[in-house]
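Next, two complexes with subunit A in common: one pairs it with subunit B, the other with subunit C.
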Partner chain A sequence: MQGYRKYFTKKIVWFLITFFVAVTLNFFLPRLMPADPVSAITGKLAAGNADAKAVQKIYDRYAEEFGTNKPILQQYLLFLKNMFKGDFGTSFSQYPRSVSDIISSAIWWTVCLQLPAIIVGWLLGNILGALAAYIRKGWDKVLLPITIFLSNVPAFGMAVTLLVVFAIKLKIAPVAGGYAFDQIPNFSWAFIKSVISHYQLPFWSIVLVSIGGQAIGMRSMSIYELNADYVKYARFLGVKDRKIVGYVFRNAMLPQITGLALSIGTMIGGALVAEIIFSYPGLGSTMYAAITAADYPLISATTLIITIMVLIVTFLLDLIYGFIDPRVKAAQFDN
Partner chain B sequence: MKNTLKQLMHSSKFVAGAGIFIIILLTMLIYPLINPGNPLEMIGVGTFARPGLYFSLYDAMDVPKETLKLSDAEDKRLESIISKSDRVEMLAYFEKTGVDVTDVTLDDVDTILDLWNQNFDENNKPKGLTNAAWRNYKTLNNRLHKIGKEEREVYDVDPETGEENRLMTVNGTDYINVSRITNTKRLVLGTDNFGRDVLKELVSACGTSILIGLIAGAVATFIGLLFGLLAGYLGGWVDDFIMFLTNVFTVIPSFVLLILISYSIGQEQRGATVVAIVIGLTSWTWTARSVRSQVISLRNRDHVNLSKLSGHSLFRIVVTDILPYIASYVVMAFILQVSSGILSEAQLSLLGLGPKTTTTPTLGLMMNWAMLYAAHTNGYWWAYFPVILTITLISFSLNLMNTGMDQVFNPTLRD
Partner chain C sequence: MKKNVVKKLVSIVAVGSMTAALLAGCGSSEAVAPAPEPEAAPVEEEAAPVEEAVEEAPAETAEGELPRNETLYFAGQQWGTVASWNPIGTNQNNSMAIAGGSSGYRTLVFETLYMYDPLSGSCKPLLADGDYSWNDDQTELSFKIKDAAKWSDGSAVTGDDVVATFDIGVEIGNTCGSTFGAYIDKIEADGNNVTIFSALTDDGKPVNPLFVVDFLTGTPIAQKAWIETVKDRNGGDATSILNDPGEDFVWSGPYTKYYADDQKVVLIRDDNYWGQDASMWGSLPVPKYIAHTIYADNPAGQAALQAGEVDVCQQFISNVQDLWEKDGLPISTYYEEAPYGVCLTMPTAWYNMNLPVLADNAALRKAIALAVDYDSIIANAMTNQSPTFSDVPRSLMNPTDGEQALYDHDAVKDLQWAGNDIDGAIALLDEAGLTDSDGDGYREYKGEKISLNAVCPNGWTDWQAAMEIVAAAGEKIGVEITTLYPEWDIYQTVFVDPAQTEYAIFMWSPEAASPSNPWHRVNQFLGSEYVGVENNWSGNWGQYVNKDADEIIKKIPLTTDAAEIKDMYTELTKIYLTEVPSFSLMYRPSLFHAVNESVWTNFPSADDGRGIPPLDCTDGYGIAALYGLELVQ
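Then we have the complex of A and B:
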C-alpha cells in the first residue's frame, strides 16, 4: 500500500494547503482593495441621508458587525474560528436570516444540478470524442466544427436558448424556479414531479455545453494514442480491434480526468451563471441576489463555499485518478 | 515565419476561423462609418421596438397618394386584424354556443367572420364563461365592427377648443411610395430596453469586448510566459515557488477570485480596462504551467548548452534560444486566453459586476440589460440572441484558429 499511501498523503497535504490559501484569499482580497467595504455599504445604505452623525452611527454599527475596527490579524483569527463553526454572520438583504441558513438551503440545489450534469456531459463527451477519433474520416469532418461551435456557446447563452425554445415557445417545460410556485418542499409525488420538470432545462443546458469541450479533448487524446507504438505492435500481433480500443480508451481517459480536475472551476462558474437565467434556487442565484442587494456577508460566504466545493471535487478527482492510473499502481508494486 | 504562415493557410480550420474573425473585425471597423453616432444614444422613447423599416407617419401624410387595386389586399388585411389566436377564441365561442363549425378551418377567415356577425349576441353571455373571457369577446367584437369600412378619416384636434378638423380620408386602396417619405430609419435589430439601436450598440460592444479579451489575454500571457520561463529555465526554489503558486491558483476557481476582486473594486472604479486587467490577472495559470513544461524539455538541448558555454546572458538565451521554440505555443495560448477573457467579461456582467455602465457597452452588459428587462420571457429575441451569437462566433472563430494551429504544429494530430 506504500505507493497509494504516499500518493494520497501528498494529495491530502495539498488539499489542506490550497484550502488554507483559498480561505485566506477570501478574507484578505476584499480587505486589500483601496475601497473600504464597510464605507461602501454605509454609502449605499445612507444614500440621501445628510445627517453626518447618523451616517457615522451606521458605519460604526457595521464596523462592529464585521469587526473591521479590530486589528486585521485578530479579525482573521475570528473569521477562521467562525468559519469552522459554520457561522458566517447575518444576511443584510434577507435579515434576520443567517447566512449559513441561506447557503445550506441553496447548496443542495446546486450540487444536485451540477454534479450529475457535469458527469453526464463528461461521459457523453468522451464517448463521442473516442468515436470521432476511431471513425475519423467522413463524419469527423462535419462533426468536429459543429462540436467546436457548440462548445463555444456560453453556458448562459445555451440556457437562454433552451429556455426560450422549450419553455416559452413550445411550453413543454417550466420557465423559472426549482419547483412550481404553488408547491411547498416535501416528499409528496406532486412536489418531486415538479422538481424533475424544473430540473430538465438547467440540466441539459449544462450537459450540452460541457459535451463539446470534452469531446474535442478526447478526440485529440485518442488520435494520439491510436498512433502510439503499442497500438501498432498490438495490431501486428493480431490483437482484436475491440481490445485495442479498450486500451486506447483507458489511456486516453487519464489525461481527460486531469483535464476535468483542471477545468472544473471554470465549468462550475459557467453553470452558476446559467442558474441565474433559470432563477434556479441554487448558489448562483443566491450570489446574484447578494450582489444586486450589496449583501456583503452573503457574497463572501457564497464565494467561499463555491471555492470549497471546487476544492473538494478536485481532491476527489485526484483520488480517483490515483486508483486508475497504472503508474501509481506500479509504484505500489515496486515497494 | 513565412513558411509557417504558408503551412497555416493549408489548414482549412485555421483559414475558416481567421476568416470569420476578420469578417467580425471588418464589420466593427466599417459599420460605424455607415451609421455614425453615439452607440448609447436613446433614439426610441418606448422599449424594445421590433426590427424593421420605420418611416415617419408625419412625413408620410405629405406624400401624394396613388390608387392601387390589389385583389388580395382585403384578405391580407383581414388576416392581420383577426390574428390566429383571435380565430381560435372565436371558434371556441361557437362551440360554446352550439354553432356547427365542423367544416370551418382556421385559415378560413371570411367564413369565421360571417358566422361571428350572424351569431354573436352582445347581451347574452353564454353559461360557464368567466367574466374576463366575456369581456375579451366584447372587445374583440368591437374591433371586428371596424372591419369592412371603406375608408378611415384622419382628424386634427384643436387643443384649445376641442374642435375637430377633418384632415384627410384614407381609402383601403390608397398607397404611397415609401422611397418618397423624407424620414425613414431601418432598425435591423430593433431597439433595446433603453430605446437604443441594438445593431449599432452591438457593433460597438463587440469592439469593446474584443479589446477586453485582447488586454486580458495579453496580461495573462505575459504573466504566464514570465512565470513559465523563470520556473522552467531556472529550476530550483524559483521553480518550486512558482509551481506552488500555479497549483494553488489552478485549483481556486478564477471565477471566484474575479467576483471577489471586482466586487471589492467597486462600481465606480470598474472601467472596461480595469475589468480586462483583473481577468488577465486571474487566468495566467494554464499558460505558466505549459510554458514551464516546454521550457524544461528545451533547457538541456545542445544549442542552449552551447549558448551557455559561450557566456550569453540569461536574457539573450531565453529570447534567442528558447522563445522561438515555444512561440507557436504561446500564440495559441494567447488566442484561447482572448476568447476566455471575452466570456469572463460576459459572465461577470451578467452577475452585475461588469464594467461601469455609462460610457461604453460590452457584450456582457447588453446581455445583462436584456435579462434585467426580461427580453427573453417576452419574446424580444433581437435584444439578446444577436449578443449570444456574437459571443459564440468570436469564441468559435478563435478556437477554430487554435485547433487549426494545433494540427499544424502538432503533427500527431494531423488528419
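Then we have the complex of A and C:
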C-alpha cells in the first residue's frame, strides 16, 4: 500500500510540474504571435476616425486596461495570480465580455456535442472491431472496410459532405446553428425538436469518423488476444467459448479505454471542425476565433481547459487501470 | 452473472452520460437565454418601461417561435455575440442596435438627429425638426428637436439630451467624444433649440465644419437622465461607464431588445414609438421583429438567404445574378443589372512610401497602376458588382452623381486610365530609366531588381483575386510582384504601423459616404496629417507627403463657394492621378443589399421613384424602407 501511495504522490508531483509548464506555455505562446490585438480593438472602434490623436488615446487606454504596456514578466505574474482566482480577464475579440462569461456560455454546447459523439463512436467502433475479430466473415470483409474508409475521410470532408447531401441537396437537415432560425430558446417540444434536428449532422460527422479508428484498434487487439497462449490453454481445458471471449475482450479493452479517455480529455479542440462547418456554437469555434484574432486571454483560458482536462483524465486513467488490470496495480504497488 | 452486472453498469453509465449531456445541452440553451434579465435592471424609474416591454414580449410568442410573416431576417451585419446595449459605451458588438455604418448610422434602436442619404448627399431630419443652419462663418450650427420626439419612458427628447450625449462622450472618450471632440467646442440647448459651436483654430476659424455636420448623422442621442444613472452607478469612472452593459437602456427608436444569445439577436417593435406621429413617418415600421442569426461565415449566411431564412443579406455574393437567373430564386438587388448595388467606396492599393524604390519613382507607381487589368478585377473578383473605370473614370470621388459633379472631368481626362495599358506602362518605365540591364526579365533601380509584394488579409477572397491581377500586371511590365496574404490580426498590426517596410503594395478602403465626404476620403488619400502617426487607423496608410495637396485640403472645409470647391477638387484630382500614391482597384458598395422576396417585398429599388438608398433597411435614410415593406401573401 505504501508503494501505491508513493507511486501516486510521485505522479501528482509530475502532474503539477506539467501543469505549471503548460500554463507558462499557454501564456507565452500566443503572445509570441506577431500581432497586436490592442491595435485590432482600436481599429474596431476608430477605423476612419479623422482625429489621429484621439485614436492614439484610445489605443493607450486599451493598452493600459489590458496591461499590454507592462513588462511581459509582470503580465505573466498577474496572469498567474488572476488565474488562481478563476479570473481570466476580458476578451480582446469580444470586448468587453469576460473570458469566463464566453467560456461558460460556449462550453455546454461542446460538451453536449462531443461527449455523446465520442462515447457512441467508441462503443460502435469497439463492438464492430470485436465482432470483426470474432465472427470474421461478412463483418470483416464488408462492414470493417466501410468504417475504415469512413474514418479516413478527413473530419472537415465528412462534415461538408453531410452538409451538402443532407442539408443542401436533400433538405432533410438544417444548414447551420444550434436551433432553428425562427426559434427562441424555451421549454417547448418545438424547440427541443429543433435542437435535436440541428444536433444530428454535427453529431454523426464526429461519430462516423471515429468509428473506424476504434474498430481497427479493437479488431487487431482482439485477434492478438484470441491467439494468445492463455486462450489456447483455456480451450484445451474445455472452458466455454463465451467465457473465453469475456477474458479476451477485457484484455483487448485496455488500450481502447486509454483512447476513450484521451478523446474526452481533448474534446474541446476536437469539436472545432464540426462546430465551424455547421455554425454550431461551442468552445471549438470560440477557440478558433480567438486564435485568428490573437485574443490572448481567451486562447490561454481555452487551452488551459484542454490542459487541465488531459491531466485529470490521464490521472484518472492511472487509477482506473489499477482496477481494470491487476497487472498494472501490481506494478504500481511495486513502484 | 457478474458479467451481466458489469454489462448493465456500463450501459447505464453510457446511456446516463449521453442523456445527461443532451439534457444539459438543452439546459444550457435555457441558461444562455437571458429573457428579460430583471437583475440587470436597476430601480430607477426610467428603467421600468424597458422591463415591461421586454417582459411582455415572450408571452406573445408562447411557443418561442418568431412568426415568419412578422419577422424580417438579416444576415451579414452581426458577427459574434452581442456584448452590450450601452449607447454611450464602446465595442458593443451590437450591430443591429449600435453601429455607425460608413454610409449612415443604424437607427433601429437609438436615433441620430439627422439621417444621411448618400443618393442625394443630403441630411434628412429624424430627431431634429427641419433643416439645420450655419451662421456665416460656420462657427455655430443650429437646429430644433421635434416636439413629437419621445423616449421609450414617455419623456420628451430635448436639447439637453444632445448636450449630455456630447458632454459624456468627451468626458469618457467614447466614439462620439473621440470622433467629434476635436471639431466641436461645446453644445448648448434652450429647450428644443440646439446650437453646436465649432472648435476654433488659433486664428478664430472653425477647425472643420464638415465633421460638425457628421455629428448630426453619426451620433446616437442618449437620454440625459439615463446617462446620469449610468454615471452614478459607475462612480463616474470612465472605463466602467464605457463597459457598462447598459441592459436598462432607454431608447427613442422604433425597436428594442427582445432576445440575444450566442446564436442570434432579435429586436421587437416598440408600438409606442414616437415616429408614428405625422411629423415623422406617420406609421410604425411594418415588421414586428427584426432578427439576425449569427452565422459562422459568409457561405452560411448566403445559404440561409437562398433557403428563404434571410430576407436582407449584407454580404458580398459572388455572381449574385445567378441566384435569380439560374436558380430562379425570388432574390433581387437595387439595380436589376450590373453593378446591382450603389457603390460608395473604392478598395484601394496603397504604395508604401517608406520603400525608396516606390517613394522615388512616380513613374513606377503609375506604370503598375496603368498595367493592372481592372476590367478583369471587376469581372472576376467583383463579378461585375462595380462600374468599370471606363464607366466611371478614376478620380478621388465615388461613383454617385453628387460626388462626380465635384470635379471637372474634362480637365483631368488626359491623366485618367482605364487599365491594361501594358505598352503605356512599359514606355513610362523605359523613359524613367527603370530598365532591365542584367537580362533576368526584371527591371532594376539603382542596380537592384525591383521586387515588390502585394498584400491583403487572408480569406478576403475578392481582394486576394485583385492582388493576383496586380501581380500579373507586374510580370507583364518586368516588375516582380509577389502576393502575400497574412492573417487579418497580423495584417492590421503591420499596415497601421507608419514605419513598416514589410508590405509594398497593400489594400485598404477609404471612407465611403457621409456629410464630410468626399473631403474626408481625399484627406485619407493625400493629406499628410496622418504621416508618422502611430496606430494609424485614420488615413494615408502609404505615408505620402505633398505640400501643395495639403494646402488645398486645408482650405476646402472652410470654403462655401461651390465653384471654388470644384476647382480645388479638380486640382487635387490632378495631383492624385499624376503622383499616384495609391490606386483604386474597383468600386464597391459600403453595404451589400440582396433581398429574398419570398415573404417580404417592396424593398428599395432603383426604379421605384422613392429615393430610398439600398442600405439594408437599417442605415441612415435607408431605414425608410421598413415603413414601405409589404407581405408577399
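Definition applied: the second predicted complex is superposed on the first by the 224 of 335 C-alpha atoms of A that agree within 3 Å, B and C clash if a C-alpha of one lies under 4 Å from a C-alpha of the other, contacts with A are read in each partner's own complex, and residues count from 1 in each chain.
FYI, a residue touches a chain if its C-beta (ideal position, glycine included) is under 8 Å from a C-beta of that chain, and two chains touch if they have at least 3 such contacts.
What you are looking at is a predicted structure, and each value in this text was computed from that prediction instead of being measured.
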Subunit B versus subunit C as contact partner of A:I168, first or second or both or neither: both
Which superposed partner A:L25 touches (first subunit B, second subunit C, both, neither): first
Subunit B versus subunit C as contact partner of A:T42, first or second or both or neither: second
Subunit B versus subunit C as contact partner of A:I17, first or second or both or neither: first
Comparing the two partners subunit B and subunit C, which touches a greater set of residues in subunit A: C
Subunit B versus subunit C as contact partner of A:Y59, first or second or both or neither: second
Touching partner for A:L311 - first (subunit B), second (subunit C), both, neither: first
Touching partner for A:G157 - first (subunit B), second (subunit C), both, neither: first
Partner chain(s) touched by A:V195 [first = subunit B, second = subunit C, both, neither]: second
Which superposed partner A:P281 touches (first subunit B, second subunit C, both, neither): second
Common interface residues of subunit A - those touching subunit B in one complex and subunit C in the other: 33-35, 37, 40, 168, 175, 276-277, 292
Parts of subunit A lying in touch with subunit B, wherever the complex brings them together: 14, 17-18, 21-22, 25-26, 29-30, 32-35, 37, 40, 136, 144-145, 148-149, 151-154, 156-157, 160-161, 163-164, 168, 175, 216, 220, 223-224, 227, 262, 265-266, 268-270, 272-273, 276-277, 287-288, 291-292, 299-300, 303, 306-307, 310-311, 314
Residue ranges of subunit C touching subunit A (in the complex, touch as defined): 3, 14, 17-18, 21-22, 24-33, 58, 61-66, 68, 71, 73, 80-81, 83-84, 89-91, 93, 102, 173, 175, 177-179, 181-183, 208, 211, 239, 242-243, 259, 261-264, 266, 291, 293-297, 300, 303-304, 307, 309, 487-490, 492-493, 496, 511, 516, 520, 523-524, 529-530, 533-539
Complex interface listing, subunit A residues touching subunit C: 33-37, 39-59, 61, 65, 93-97, 102, 105-106, 108-109, 111-113, 115-116, 119-120, 123, 168, 175-179, 181-188, 190-192, 195, 199, 246, 276-277, 279, 281, 285, 289, 292-294
Touching residues (chain side subunit B, partner subunit A) in the complex: 13, 16, 247-248, 250-257, 259-261, 263-266, 269, 286, 339-340, 343, 346-347, 350-353, 367, 371, 376-377, 379, 381, 384-385, 388, 391-392, 395-396, 399-400, 403, 406, 412-413, 415
